[in-house]
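Presented below are the structures under discussion, each in the form of structure tokens.
The following pair of complexes shares a single chain, subunit A, combined with subunit B in the former and subunit C in the latter.
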Partner chain A sequence: MSSQIKNCYRGRAVRPLKPQDWCDRLMNLREQERKSARIFLVGMCAFLALILGFPTIANIWFSFNDVTFHNLTGEGYSGLANYREALSNPKLWEALGYSLKFGVICTVFEVGFALLLVFILHPLLLRRPWLTAIIMMPMMVSPALMGVMYRLVLNEFVGIVPGYLDMIGVTMNFLSLKHIQFTVIAIEVLQWTPFAFLILLTARQSLPYDLEEAAAVDGATGMRLNIMVVLPLITPAIIIVSFIRFIDSFRVFDHIFVLTGGGPGNSTTSLSIYIYKLFFKQNDLGPAVALSMTLLIASLALLYFGLKLAVRRNDR
Partner chain B sequence: MKLIKSTALMASAITISASMAFAEITILAWPGGEPEESLRQIVKSYNETAGAEIGSTAELLYFSRDNFFDKMLADSAAGSKEFDIMLTATYNVGKYAPFMEPINDLIDDDLMSVFPQSAIDSQSFEGNFYGIPTDLGVHFLYYRTDLMDELMSNADWQAKYAAISMEYMGTAMQPKAPDDWTWDDYMASALFFTKSINSDSPVRYGTVLQLKNLLFNVMIWQGIAASYGGDWMDSDGNITVDSAGYRRALELYKKLVELEATPADSLSYEYAEANGAFGTGRVAFYTQWSAAYASLVNADEFPAIAGKFDITHQPAGSVGIKTHFHALGLGINAASENKDEARAFLRYLGTENAMKMYIKGGGQPPVVGRIVSEVAADRPDMVMMSSHAGDYGKVMAGGTSSSALDIYTNQAENFTGYWGGQLDIDTAIANVEEFMANEFAN
Partner chain C sequence: MIVTERKPFDKIVSVSRWLIFGVVALVINLPILSTVMTSFKKTGDINTSPPVFLFEPTLKHYAEVLGSGRTDFPSYILNSLVIGTGGSLIAILVSFPAAYAIVRHGVGRSWLLPLVTNIRTLPLIIYAIPIYLMYQLVGLLDSWTGMILISATISIPVALVFFVGFMQDLPLDLDEAGKLDGASQSDILWKIIFPLSRPILVAVLFLSFITSWNEFLFGLILTTKVAVPVTVGATFFVTSYGIKWGATAAAMTLGILPPLVLGMFAYPYIGKSMLSGAVKG
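On to the complex of A and B.
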């Protein structure tokens, strides 16, 4: 007994393992994990293939064909004509510019507010995790419904917000030409900051506690801890959430369409609204689908780039 | 043997009951308001009477109003069989005609005793009849009687009215009764009743415009252009939007927006918001669809204006009074598998009894004068609607073509761009003309 090192594992004495054995066991375990993951992923992949795969294939077909509402199967292969037509329309670049501006501004505010909330609320949420559910509430409302809700809430005559402001002598017309850009951005930020918050909170909560202890011993507490220790450690999560939020805000449709219809003129026409108008209002089905495909590829490329960046940073 | 007999009996019973099964038809109709309630009553009545006789039942299906026609277009183009009867309207009958079944066989003496020829024409395209008309849409001027009475009798108000019109319009005007208004009177009165211009005004705004980038809002506005002689095309087919009439009408709205005689968020307003603004009693007058009357007279819903408003025709321009008008209707989906049953329902819908029931419930069908006279006591708006469509109704040249809906949409985009300061008037008009030329060329 004395010549053997004894390990106790679930009450059983086990023979010490050689390094090669450890390596083999680890490899086996990983192989098993991969097998299990494949089995579990089959269902989800089949579901995605059915739900997303079919429309994607149909859209690829549409984008290379001369399709109309009267002939949805297409009147013949048209090569890159739809892509050329879509990309040569100057209104596309206006809509693209609006979407980029909207996406960047919303992402900066959403991630910024989310980070601030994580720093402030993390200690409280450790003790009362159920409070997270309350913060998540805006995210649970559908964006179109959010638009309808704010159409009512911000209405000058029947809206509760202008009503209360009126009582204290402040006249504020949130949906006027002067404030409409601010309003549509504010609604997006209010609704989606919780999403960024949730991702960043998870990243914050996954940090090992001994790191905080070590930092505290070195005198880093409070905001200093957040800036010097927490922020660098959750940077990969910040990068990922920023990319996701940018992509999501970039393709905004619902609440803007409900509130302004993309107007006045085209002043709030995002790329998604532009595609919708092209498809339904101008009957340019082919160019609209070609633009959708371009947008999809750009989004995937951006997400891939974001993931790669985050993973690289994590590996460092 | 007994088992075989019972099995055979059961099988025959199943076969017989299957052959007698009621053919259910689904009606996709325009949602909301009194017309929805009225149609529900008609469907109920049909199911209990004519439908029961032929073993058919009808049920209603409603999308939301937002982008209703886009959803219907997508379904129709995909050959959806989810509905047997679908909506049609004067301005899009050409667009949906390829997805609908003509119902020329329903035009008979009985139908013609209920609807005038103009109503039948409003649902026709290229010689075929597609829908039983259900709701006529014209525009009225809705105004506060208490405010107008005071304006017509108060000398101080009249002096101020003249001073304000002099300051903002360059002419000292005298107030007139709304029945006699021109669009200049509309403008002067709107400025007079706007609190930021006239601090003594008992209401916050003179008028409320619906300026959201939405095709229906252009329909309301274009009555002004028509009253100044504006039209989409001349008799030779040339696009004539770049005209004095269109420019006058565009500038009138622009001025009202700039002087804030309409709420600052009007650029996001549509039907409901405008009704809400007038209904809260903070707006002196506005132009709106005739359908709003049935809601606004409901004192429970709009107590602030109960007994204090009336309707009249729209103001006059240089060529007189004009109002856009159209009719909604119900026709048969070409992909339907129950066309006979759908026809039976439409035949029932086009009867005098059904139309009277529809009117009683708040609907506004374009029926003949005899029926309108019979309901005049309960529905004064029906009388006015009927006379308005006949006397002032204007359908723009090309307004029933298959491109009409898209042209309205393009106009909404460009004209709201002008009112909102994003485009100048020349660019807005040029964009519209270019789009229309392409549409008609195609």
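On to the complex of A and C.
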């Protein structure tokens, strides 16, 4: 009776199977499931192919052709002329240099400040997690609107910051030629330090409390605990957050565009703004397309090697 | 004995922690606070130096910004709402099944997951030009549809990382119980896992809405009149309303309010997702 039940499934009698058969069947089933699960990827793949894949392919074609706004199909194959023109412009290298400089400076300050704040504020936020929300506020705001708001806050006549600095005898126009470099970097740092802070705080909070107790027994408390115990343990998070922040700062566009439009001169023209101006202001279609292709290849190569490096680190 | 000696010192440390917190919170939120305050000030109060804290609030600037027909600002807000909602929904609809296939069946884990998560790290300007040209060809420039597609594309990586992280922690027993009862794969996905994912769905909805609301570059490039989002529309204010600081401030306040409010609910997820995405992706 009991064997009968075992070999029945939904009332159908099933031939008793040998263990080997069961194994095969299970494997087949798994394989079938895997195959039929592919259908769930179709939506995403199709969507991304349409929105990102198709333009990329069109872009490759455009970059080798002599295109203008009036003649999008191109006037003919022009070989590497677009690339040559794009890469030989010294302004490109200036913009690239600016983006790199901007990215490095902002990342160093953001991660540095965030680390310091995690050390100082962690005990406070552990008991009152909702306070974190107040620190998080700037990163919810659109960078473009942040730029406009700083324009208001730093304005010579109505701005609150120059207003108060005036009271203590400091007259400073943050938006003037002399200070704009500082201002642009400061805004980025002030807006995105919270992001670095949040990630490092999450990493810090995931450390087990036992560790702190053990360290306290060994005499490490306060700053010593932070530097000798916490810092090495959250190093992976520091690396990740530095990477994310550098990439985001490197491609900066919004707040600089709103504040200065890349000027005065080209002194705050980041790579993103440079390509934008090339395409939409100077109508240099060919070089702009070629440049965005070059940037795509460069970023993909960088990401590929970065990922390889990360994988190797994880394996070890 | 030692304990009682340490107490006053602990108090000083605790107070200075609060102090540092207060200063940091004030400095980083200064533009937000100042703008919100300015938006309620009368025009006369805005220009006073030193800036005043106590003033008689007025809603005049909001009336000017939102008032009938005087500015296009209400339509900018509507555009951003439509674009953000539409884009987020598409992103969720597309990436939820994909996350299921990746987590439960391992399909595409080796290539699709890293590929999609890395879209986030590419400079957006790379795609601005080809998408502009494509939109010009198919006539999607300055349209809701076009902007919704962009907003979905930007949100997909975030959504996928969230869903993958969430489903990895969901017990497999649920699937197996469903399978025993004869549920098909899509039944398991939409009838068992989907209802269980409600909290993460809300978080993703909020976060992708915030991302698309705050997007600027594509709004600037792809729209001119009909589908202009708030971020771009607000910058028009500065040039055309240069001196009307009150109206500008009111427009800013309206522009930053939705993401701030949603962010208050979604912020606990951000840190976790970023870390898990970076480690697992």
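Here are a few things to note about the model shown:
In this section, the second predicted complex is superposed on the first by the 214 of 316 C-alpha atoms of A that agree within 3 Å, B and C clash if a C-alpha of one lies under 4 Å from a C-alpha of the other, contacts with A are read in each partner's own complex, and residues count from 1 in each chain.
Just so we're on the same page, a residue touches a chain if its C-beta (ideal position, glycine included) is under 8 Å from a C-beta of that chain, and two chains touch if they have at least 3 such contacts.
No experiment lies behind these values; they were computed from the predicted model shown.
Contact with neither subunit B nor subunit C is seen for A:Pro287 once the two complexes are overlaid on the shared chain.
Of the two partner chains placed by the overlay, only subunit B lies in contact with A:Gly265; subunit C stays clear of it.
In the superposition on chain A, A:Ser176 contacts subunit B only, with no contact to subunit C.
Set against each other, subunit B and subunit C touch different numbers of residues in subunit A, with C touching more. In the overlay built on the shared chain, the residue A:Phe157 is in contact with subunit B and with subunit C. In the superposed pair of complexes, A:Gly103 makes contact with neither subunit B nor subunit C. In the superposed pair of complexes, A:Pro194 makes contact with subunit C only, with no contact to subunit B.
Of the two partner chains, subunit C is the only one that A:Leu124 touches; subunit B does not reach it.
In the superposition on the C-alpha atoms of chain A, the part of subunit A touched by subunit B in one complex and by subunit C in the other spans residues 72, 151, 155, 157-158, 258, 280.
Considering their complex, residues 33-34, 36-38, 40-41, 43-45, 47-48, 51-52, 54-56, 58-59, 62, 72, 117, 120-121, 123-124, 129, 131-146, 148-153, 155, 157-158, 160-161, 163-164, 166-167, 190-191, 193-194, 198-199, 201-203, 236-237, 240-241, 243-244, 247, 250-251, 253-254, 257-258, 271-272, 275-276, 279-280, 288-289, 292, 295-296, 299-300, 303, 307 of subunit A touch subunit C. Touching subunit A in their complex are the following residues of subunit B: 66-67, 70, 73-74, 76-78, 98, 211-214, 263-265, 267-268, 273, 276-277, 280, 282, 406, 409-410, 412-414, 416-423. Interface residues of subunit C, counted against subunit A in their complex, comprise 14, 17-18, 20-21, 24-25, 27-32, 34-35, 38, 46-47, 49-51, 90, 93-95, 97-98, 100-102, 104-108, 112, 114, 116, 118-119, 121-134, 136-137, 149-150, 152-153, 156, 160, 185, 189, 210, 213-217, 220-221, 231-232, 234-235, 237-238, 245, 248-249, 252, 255-256, 259-260, 262-264, 267-268, 270-272, 274-275, 278-279.
Partner subunit B is touched in their complex by these residues of subunit A: 69-70, 72, 151, 154-158, 173-178, 180, 258-267, 277, 280-283.
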